[in-house]
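So that you can tell them apart, the chains are marked A, B, C and D in the order they are listed, and the count of residues begins at 1 in each.
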Amino acid sequence: MRTLGMAMAVIAGLAALGAAGHWSGDAAPGGGVITGKVKFTGAKPVMAKIDMTDEATCKAKYTTPPTQETVIVNANGTLANVFVYVKSGLPASYQAPAPSGPVVLDQNGCRYHPHVLGVMVGQTLEIKNSDGILHNIKAMGKKNRPFNVSQPNVTTTPRTFTAPEVMIPLECNVHGWMNAYLGVLPYPFFSVTGTDGSFKIAGLPPGTYTIEAWHEKYGVQEATVTVTGSETKTSDFTFAAK
Amino acid sequence: MTTVAGTPGVGHTHHDDRPFIRKYIFSTDHKIIGIQFLFVSLFFLLVGGLLAMQIRWQLGFPNQPMPGGKLLPETMAPDGVILPEYYIQLVTMHGTFMVFFAIMPLLVGVYANFLIPLKLGAHDMAFPRINMASFWAALLAGLVMLSSLFVPEGAARAGWTMYAPLSARPDLSGAGLGQQLWCVAIILLGLSSILGSLNYITTVINMRAPGMTWFRMPLSIWALFITAILGLLALPVLSGAAIMLLFDQTIGTHFFDPAAGGQALLWQHLFWFFGHPEVYILILPAMGMVSDMIANGSRKPIFGYHSMVFAIIGIAFLGWIVWGHHMFVSGMNPTLGSTFMVTTMIIAVPSAIKTFNWLGTMWRGNLRFHVPMMHAVGFVAMFVIGGLSGIFMAATPVDMHIHDTYFIVAHIHYVLFGGSLFALFGAITFWYPKMFGRLMHEGWGKVHFWLTMLFYNLTFFPMHILGMAGHMRRIYDPTMYDFLKPYQPLNHFISISAFLLFAVQAIFALNFIISLFRGAKASMNPWQDNGLEWTLPNPAPHGNWAEVPRVYRGPYEYSHPDTTEDFLPQSQKLPGDPEPAAASAAGH
Amino acid sequence: MKWWLPAPASTFAGPIDGMFTAILIITGLAFVLVESGLIWFVFKYRGRPGQKGYYTHGNTRAEYIWTAVPAVVCVGLAIVSNHYWKQIKGRDSVPPDAYPIKVHAKQFEWLFTYPGPDGKLGTADDIVDVRNKLHVPVGRPVVLQEEAEDVIHSVFIPVFRLRQDAVPGMNIRSWFIATVPGEYDLACSQLCGMGHYKMHAKVTVQSQADFDAWLAKAAQGDIE
Amino acid sequence: MTTADARAMQPPFPAERGVDAYNTKLGMWVFLASEVMFFTALIGAYIILRFGAPGEWARPGTVLNVPVTAFNTFLLICSSVSMVKAYASIADGNQKLLKFWFLVTIICGASFVGVQAYEYLHLIHRGFVPSGVRDGSELAELVANGTLPGASLGLYGSTFYTMTGFHGFHVTCGVISMIYLYLTKVLPGKYTQQNYGGVEVIGLYWHFVDLVWIILFTIVYLI
């Protein structure tokens, strides 16, 4: 029974991993598209190993020692886990579509999947514990009501957010290495770079936008992009090692 | 004041035509206020008990759905399984309700109000309206505290001792509003206690009937009087601390915030400076009432009345200088620890005196085992265990091991449940006829006593074993520790005993409620007691005495050789008894 | 399940268990005395109709005795307690050659920092923030330098009979000598939040050689 | 002494000898004992925090305006004197002087509260708040250029506002009670040479509040 549960948890976790590979907000079909890559230059930083000896359940889910996820440089020299979003430029009259379905944040193998994610205001974030050991989720939003709840076993806790905020840090205090970042926006124009370092923001009405790329270690960069009609514009970012 | 000439005795016993709301709801009559406190605090006792049952469920059956747990919201127990954050709310609120809203008002709110004027021969409290305000403040405080369980994020969750900085930081505890409501409720309760205390103190000092000299006061009144002084001086310190905590939570002050130079231990010092007198607030009135009941049940004068009085005063005095014994391992200066250890060892002495004097009272008595006497004897038997187990933690090196374990939990429950609550069961039964004019059922009372005694010991005695093994307090799931796993059967056993202990309290509740309507009508003095209150009709009328009684002797003249009866009421004049001086000054 | 204190594994266990036993015997005697007296009186002096109690207000001599005896016993216990207390927790009790280990407590983890080869904390060769693993050499004084990041925590190692709160804003030293090699539990014994029950660490008592080997490995980043 | 007067100042029934104080007066003394403990908690916390404070404590006068508060202290002391005058007047049976001195006391007390409110507003304007110093304020600049020790200002704000705030609250309660007594008892002439317990009892409270202020002024403003 327990083995089955664990296997299912692993499968669920992998599924979530796959989904996290390239995730962006839902947008209305049509409209302008901004796409691009986030490149990385300089020496690839070495991420510290995580000591999971204390949590056999989590440790068993890895064949090689897990590492921190602060900086993930992809094989093609791009940077993963960069949150790219439209910072400003939408007309005041813009009506965002209702969010479609929940976003899942999975805690599996004592790490958050995905590590960086976005939700819309009012959209449900399903916080899932696939490990079956105690995790707590502490979200210290400044514009959103902070919360700090625990999940002692396999369970899912839904949460919604009321105000735009980039970014809300999430952490688990039982496992000091576990952290994630959540961006909350009133519209679906955000994207997180995945294993190929690319992002795509679709369905934009015509206009001139300031878009921002946010990385947890390397900070933010801005770009201005003008979209007319349903064209695709490219805007790349480059973060340098510090 | 040199003279009270020309002041007639005030009689209120004429026809009572106050409207219902003034008579029973917004009453200024000390007896009604006492009864209001009784109902309210019994309700909170039930709340505290229900919280305890949930704690025991989680410890006995970790991570299993609790029966009825599905009724609780997702934020407390999804699918009936208690969440860790709800668990720590449970332990916090169980302690808070039991200490501040059940035991303390049951002892002080109920019996100081009800007994002080009746036993001293006064027509009411010195300040009846302040007395009423005290009750309503306490009720409001209780409701605020109760409401905190239902706010988003839930109730306070830093333990009933509310150690800062956990309690001061919503981000670290996970509860914002609940923590604030705790502070607000405690500040209100402090106000209520101070108002009550100043009333009790003034009444005892200035309103004793002629002849009721200090050393003719019953020990219950002595205890309540000293308790009132403790409450008067201790509660403001708690209020001050709660205000600082509230400010830390709301307006950004830094009293307990080490990052800005505040001190985490400051809270502990303030809390326990209040907290240790508080511990005696929770036991002294019980000791006093037990003395009354034991003398009555033994049909003998209390053994060593004066040393009993001095023991109460001694405890109250020493109670102010022992607070550091809660902080031996807190990082406080170890030399200070030595000092507190010595004072703590010394405070055991007056408790020992009292115990031996109770035994002395029973020695060569003619014991009557009515229900109050059974509870009083049960009190002595259980208080001894609680008192003796205190010596283990007073010894600083031993405290290193048993501090914050179930040994402490066992100790506090032996004192508060085995002590105070047994005394209260006795006291409720004893003064029930004077409150409601009827007697509680004797047979069911005895059944309740024996079952409670049995399950109580089965519940709390094994906790000593857990504590010796190192079972920490306030942990959600002991089974995750290798060294505690072997003890899980004991936890299981304790939980089942606790459920049964809770269940048998239904006997008491039913006995209490049914007797209100169907109990046997009580005579004026059903226990053949010497106290002044038994010279009044049942229930005692508003204003108590038409004619202020005269007191001719102490309260424990049982089996007096000059009388045929084995009791001699304080107000009964024997040939040769001189008239009290104050009474003649009154010019009657 | 053992109905007694856990198996001892530090030098403190001797005096502490000894005191526990002594107090148990003293309080046990008092307990038996009082409870048997109570039960005896309950049967012996149970009420008979038409009879009266013995009219007395007390006996000063008896009261002197039962005041003096507990007082002497309690003061005696206080003296003994203080003797061991000074040895265990006294300001100057920490042996000067004690091996220092820094304990950083945070919700809900223990992070231990070991001095590197130089045996001093706060230098570059420290092995910092080893999570939930306390390794100590057997038979050698070890001093924990406790600090807390957020709220009050408490280091509790039952087999060592050791407990010391870690308080934010304070640096508290607490020492011991482990005597029996083995793996033990360290628990947090001060309510520190919702994950309090999960805040535990493994204590490994090992020979100096094993400890040195472990430390060398840990210095390489191999903490398992 | 008529029966009615006696009732006001003595127990209205025969009683065992207690203390030489009628109930309300005794009750006020008892209440003040609890107030002493309350302020002891606040002042004790202040002393402990100040001695354990990180870095230097702000020197007197660098944050607080001592002359204004010294004037305020003078006002409060005056009100205590006028309270004594009011008490002495009615003890002599002089209704007119009672009305005058009682009113003076109220005015002084109310002015104290007013000046304190002004002081608070001024301090908050300068950037001194319960949590310390507000960013970007005048005081924040002083901290930045090193004229003001910054590390302990959080504690300074916490203790200052809590202690003086609760004292101000007590003064306010006293002023409100005095206004109530003035309107219901003093003006209608209900106090007499035989029955002036109310004046004595509120006077006790008022002297206590005054005494607390002298302590607070000394330890918070002057030392």
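Keep in mind that, in the parts below, contacts are C-beta pairs under 8 Å (C-beta built on N, C-alpha and C of every residue); 3 or more make two chains touch, one makes a residue touch a chain.
All values derive from a computational prediction rather than experimental measurement.
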| item | value |
| --- | --- |
| Chain of greatest Cα-centre distance to subunit D | A |
| Subunit A and subunit D, separation of their C-alpha mean positions in angstrom | 57 |
| Between subunit D and subunit B, distance of the C-alpha-averaged centres to the nearest whole Å | 34 |
| Computed distance of Cα centres, subunit C from subunit B, in Å | 31 |
| Residues within subunit A bordering two or more other chains | 134, 136, 148-150 |
| Multi-chain contact sites of subunit C, meaning residues that touch two or more partners | 107, 193-195, 198 |
| Contacts with 2+ other chains: residues of subunit D | none |
| Touch relationships between chains, expressed as pairs | A-B, A-C, B-C, B-D |
| Subunit C residues within the subunit B interface of the complex | 1-6, 12, 15-16, 19-20, 23-24, 26-27, 30-31, 34-35, 37-38, 41-42, 45-48, 51-59, 62-63, 66-67, 70-71, 74-75, 77-78, 80-82, 84-86, 88-91, 107, 150-152, 154, 156, 158-159, 161-170, 172, 184-185, 187-198, 200 |
| Subunit B residues touching subunit C - in the complex, by the definition given at the top | 83-85, 88, 91, 157-159, 163, 165-166, 169, 172-174, 258-259, 262-265, 298-307, 329-331, 333-335, 337-338, 341-342, 345-346, 348-349, 352-353, 355-357, 359-360, 362-369, 377, 380-381, 384-385, 388-389, 391-392, 394-398, 400-401, 403-405, 465, 468-470, 472-478, 480-483, 486-487, 489-490, 558-561, 566 |
| Touching residues (chain side subunit C, partner subunit A) in the complex | 106-109, 111, 130-133, 193-195, 198-199, 202, 221, 223-224 |
| Sites on subunit A touched by subunit C in the complex | 49, 51, 53-54, 134, 136, 148-150, 173-176 |
| Subunit D-facing residues of subunit B, complex | 1-2, 4-10, 122-123, 126-127, 130, 194, 197-199, 201-202, 205-213, 232-237, 239-241, 243-244, 247-248, 251-255, 257, 260-263, 266, 269-270, 273, 548, 551, 580-583, 585-586, 588 |
